[in-house]
Amino acid sequence: MTPQKLKIAAAGLGRMGKRHAINFLNRTPRAELVAAFTPDPTEMAWAKEGLQAVVIVTATSVHAEEAIQAMQKDLHVLCEKPLSTSIEVCRQVVAKAKKRPHLKVMCGFSRRFDDSYRDAFSKTQQGAIGRPTIIRSQTCDKHDPSGFFVEYAAWSGGVFVDMSVHDIDLTLWFFGGEVIPKSVSAHGVRAVQPDLGKYNDYDNAVGIVEFWGGKIAYYYCSRMMAHGQEDTTEVIGTEGKLTVNGNPQSNLVNYYHSGGITREVPAHYYGRFEMAFVQEANEFAEACLDNKPLPLKLTNAVRAVEIGAALQEALVSGRQIRLDEIGRRIEEPKL
Amino acid sequence: MTPQKLKIAAAGLGRMGKRHAINFLNRTPRAELVAAFTPDPTEMAWAKEGLQAVVIVTATSVHAEEAIQAMQKDLHVLCEKPLSTSIEVCRQVVAKAKKRPHLKVMCGFSRRFDDSYRDAFSKTQQGAIGRPTIIRSQTCDKHDPSGFFVEYAAWSGGVFVDMSVHDIDLTLWFFGGEVIPKSVSAHGVRAVQPDLGKYNDYDNAVGIVEFWGGKIAYYYCSRMMAHGQEDTTEVIGTEGKLTVNGNPQSNLVNYYHSGGITREVPAHYYGRFEMAFVQEANEFAEACLDNKPLPLKLTNAVRAVEIGAALQEALVSGRQIRLDEIGRRIEEPKL
Amino acid sequence: MTPQKLKIAAAGLGRMGKRHAINFLNRTPRAELVAAFTPDPTEMAWAKEGLQAVVIVTATSVHAEEAIQAMQKDLHVLCEKPLSTSIEVCRQVVAKAKKRPHLKVMCGFSRRFDDSYRDAFSKTQQGAIGRPTIIRSQTCDKHDPSGFFVEYAAWSGGVFVDMSVHDIDLTLWFFGGEVIPKSVSAHGVRAVQPDLGKYNDYDNAVGIVEFWGGKIAYYYCSRMMAHGQEDTTEVIGTEGKLTVNGNPQSNLVNYYHSGGITREVPAHYYGRFEMAFVQEANEFAEACLDNKPLPLKLTNAVRAVEIGAALQEALVSGRQIRLDEIGRRIEEPKL
Amino acid sequence: MTPQKLKIAAAGLGRMGKRHAINFLNRTPRAELVAAFTPDPTEMAWAKEGLQAVVIVTATSVHAEEAIQAMQKDLHVLCEKPLSTSIEVCRQVVAKAKKRPHLKVMCGFSRRFDDSYRDAFSKTQQGAIGRPTIIRSQTCDKHDPSGFFVEYAAWSGGVFVDMSVHDIDLTLWFFGGEVIPKSVSAHGVRAVQPDLGKYNDYDNAVGIVEFWGGKIAYYYCSRMMAHGQEDTTEVIGTEGKLTVNGNPQSNLVNYYHSGGITREVPAHYYGRFEMAFVQEANEFAEACLDNKPLPLKLTNAVRAVEIGAALQEALVSGRQIRLDEIGRRIEEPKL
């Protein structure tokens, strides 16, 4: 009567890696964490017996390689976003996964598993706001004065790829994964981390993606928030609007004092999305064990990186990018 | 083509008196403030020519006497609440007013003129919450460490008469002026102003008034708020609930800082109710000039003081008060 | 390397019983649910081998008996509140538990395990609001038109024992478990369930408990909410105030539509407190396994029922109850 | 002892004209509305005796001409925004006003007179958020299905000139009037009013203005809101953030019902900004009577239109606009 459990290994035990490992260990009843290791090949070999799946939470630069290795060992893969900051590499992973359709390969976009986003999506599906037309979405981190994010920018792919990719993924969810960008504009500043300049990155950036078919998404990403994590999304339809996290809060406490009324805000995204990660682990286990469709497609993860990379290019080049109805770049007409 | 204006005098130019005077002077287009004076009889005589109305904002102890004098001079009267802390004196004013039905005599309960309370009342009238059954209402002042409120307690009538009388008036509005109390319980503490003991008053008090016919109101009054003025009302019906000022705020600004998100709160009741006082002045002028019914009955003002006095008695005596269906006290049965 | 797990059985598999069982099964990594059963003695016998603990979620009327039986079998006990609606029976359980100090016996008051309440408590301990002086707390359920709550009233102990006992427990937490009631007043109505009269119960009730030492708690309990579960607490101190759940919400979604802006509310208390139940299961397991102090004392659970029963008595009798400084009833003086 | 009053005429008595006239008539104690008329020259002549000032609330197309005529008659001018949709015409008015420095000529941007914006500005000046770096601001109107806004688009100047000009003015206030745009991007859709295409206008548009010196403003304007007027501003600084109207509301009422908790939203901008218009009238009167500086410079009004027109051009052309550090257009480099 013992139900089958998903035997999973965790690759990477850094900040996020530990969290994923603990979620599979303790908070995913249908999973059994049987190994946790670094990309070391001998450890990989050690785990090859009996392993059914791997959750990859290593450095972004080795995500794709490890995902491919895992698929070659016939393992299901849950990979932290992004698959890669290189669109080409992303596509290789997708191609590999297509060849092994019995494997479940998912790139985790945690917001898709968040109760509030799901409620908003469900309301949208039910027609509560008419036709979704405009999306505003932001990923804003608490300012970290340690300088960590400067070095991180060396390989993060830039703020639109690293941060806004979540907002872009939400856009593909709410607008539908088939929408095609028509133009991309972006502008940024380096307000508190001028050293980001050496990697052509920014600490605040705003971008607009116009889609064919009369839809627009606009994004703000920042690493300068004094108050904490603030990831807010608005989905504006022809007949109504939904907001998610319009009023950030850590919990349900309000403190009334001589300066007014104050509520606190999560310091980090894990404070906001912890239960979404738990949900993700559980749904991944279920999809693997019951051979059910994954809750989000791998190709979407690639499209989100594509759009993020276009925004980053527009940001760095200071030039708008325009695309035709099948997604090909339109060169600027000569003046 | 000059429209008739209400010629009004202001009796009392203290903190509130000045505000009423300015409201009639500048913010009540149909009124003309022709005199502003203290209860000095010679000034009263000086103003007797042409005066049509008086707004009484003197010390509570002389409200009734001045209201009666004004009626004897055939003037309309707008009197700050309460008419008197003595129920007997209140009734004398009502009796005098009944003899001069052509005069408009109103005791100002500012919350009746507040947009939000009016919206809540209108929704209640439209059946939005079914049958109003429970009211929770509070009048909470910012803590004033100066000791002012200790001396003020000598003649204020006590916290339930001075502060909760507004909440009681709201109760009579939302439940209907004809409701009859069935029992009255109250308890209080002296948390920050122990000297209030010399006048048998309290700085925090909670009271319950049960009405015949299955309705209950419960009140909290306090002079201990760190954050400012917080006057909140809930009207709970069989099919819904309305809150007024459930989230106190000075304005529409939120400040996001390293400690969280803060909004400020009005420091005083005038910060909360300023526009209600302006509305009151305008409607009083209109009722006088056009001989229209006053927006609230003078008898209600007396009933509010009656209930407030019963709460105060329950508070000071530490004993519940019970009443029969026509409002007579029921003596406690012997044990 | 396998860590020790708490082997626990679930007694009672009704609505709440199932939830507790699932929490210990799936969401309490250090526990192992080894049996789940009804109070049937043969099943009890079956489980006697190897069981270390039992979670009792049967009908209130058998809580105490089962808790005592479990202790006699040398099992740790987590018992849903209340131990009993009879104070005498509660005390018997406490007496039995005192004789077996190696056993962990806890009565679950879920709000003590809720993040927001804990944050408020922590801020209070840090002096954020000065000296806690007034508590307002309410337990309000969504209206259930099925009539279920009428029959439930036959044995629930009444609304103050069944519902407000949570608010009373919070009071003992924030004011300190040693506070002694000085007077108790309560009033109620039957607004939507008139049949509650046959069990002397009410669907809306308001009560005040004044404590010796200058503290007051006031409570509202209702089964008439149209909008859902609304459990709100205010802790008002000499220098500030904390609210928990002042703005009820299901999640972080706001829906903007032609009628305004709407947010939803949990339909039931489990929607509000699910994660608190999970936390409770985990902390209970930890206390048992590591022989650590329980997060709340069993005697508090008895005191909360005592105060609830006094409120219920005041409610039903229509008479205030007064007590001396060591908690003995003061008979009303003859008039 | 009669204080001097500002004798003012109202030009234009349409929807907004009436409101301005009433504000000067009834709610501006230091002003006297002596005439109200249309641009008819004979009426203008009639009023020439004794008139000190004029408030121009006619069609946008005659604002400038009337303002100039009024100045020629030596009248102070309060002109509804915009002076003109033509930058050239705007500049003519400014030039004319410079030649008559004794006249007070102001273009009304009502948000500058709103309590909440002023509080946010004051906090910004006090350094509460460090250096203002990013501004997000939106002007969103309730959807009007009548088709009015299609014809209105024929002469409104387009959504960025007509609507976002307020947000641009706020940007010039919070960033300082001297900021110079570096690049301008904009994208729009016609989601509910496809006929706007005949005037090259849009019902939803998003734009970004990057300024020299490391500042960015981004704007959203829409005429598609189901819920009502929603004008929200965020000012994001290096050390904090301020929001104005992050939670739109008509008043302080919340309605709890079986679908959740709902608050209403103003249907129109006058519902949001009524008191700001009153404040504007009073401050204009004061500046005229006491020869005090106007609260906002006429040149700012021109700059706001300039930036709005650049956004509109970027929107219609689908091309980014870039400018050098002294504000001259940079032609796109050839590819």
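So that you can tell them apart, the chains are marked A, B, C and D in the order they are listed, and the count of residues begins at 1 in each.
The definition used in the following text is that a contact is a pair of C-beta atoms (placed from the backbone, for glycine too) under 8 Å apart; a residue touches a chain by one contact, two chains touch by 3 or more.
Because the structure is a prediction, the values reported are computed rather than measured.
Among the other chains, A has the CA centre that is most remote from the centre of subunit B.
Note: Cα superposition of subunit A onto subunit B, rotation of 180 degrees, nearest 5.
Between the Cα centres of subunit C and subunit D there is a gap of 56 Å. One simple way to say how far apart two chains are is to compare their mean CA positions; for subunit A and subunit D this gives 39 Å.
The set of subunit B residues touching two or more other chains comprises 129, 225-227, 239-241, 246-247, 250, 255-258, 264.
Residue ranges of subunit D in contact with subunit A, taken from their complex: 129-131, 133-134, 136, 183, 185-192, 204, 206-208, 210, 214-216, 218, 220, 222, 224-227, 236, 238-241, 246-247, 318-320, 322, 331-332, 334-335. Against subunit C, in their complex, subunit A makes its touches with residues 25-27, 29, 115-116, 119-120, 123, 128-129, 239-247, 250-258, 264. Of all residues in subunit D, only 225-228, 230, 247-250, 255-265 touch subunit C in the complex they form.
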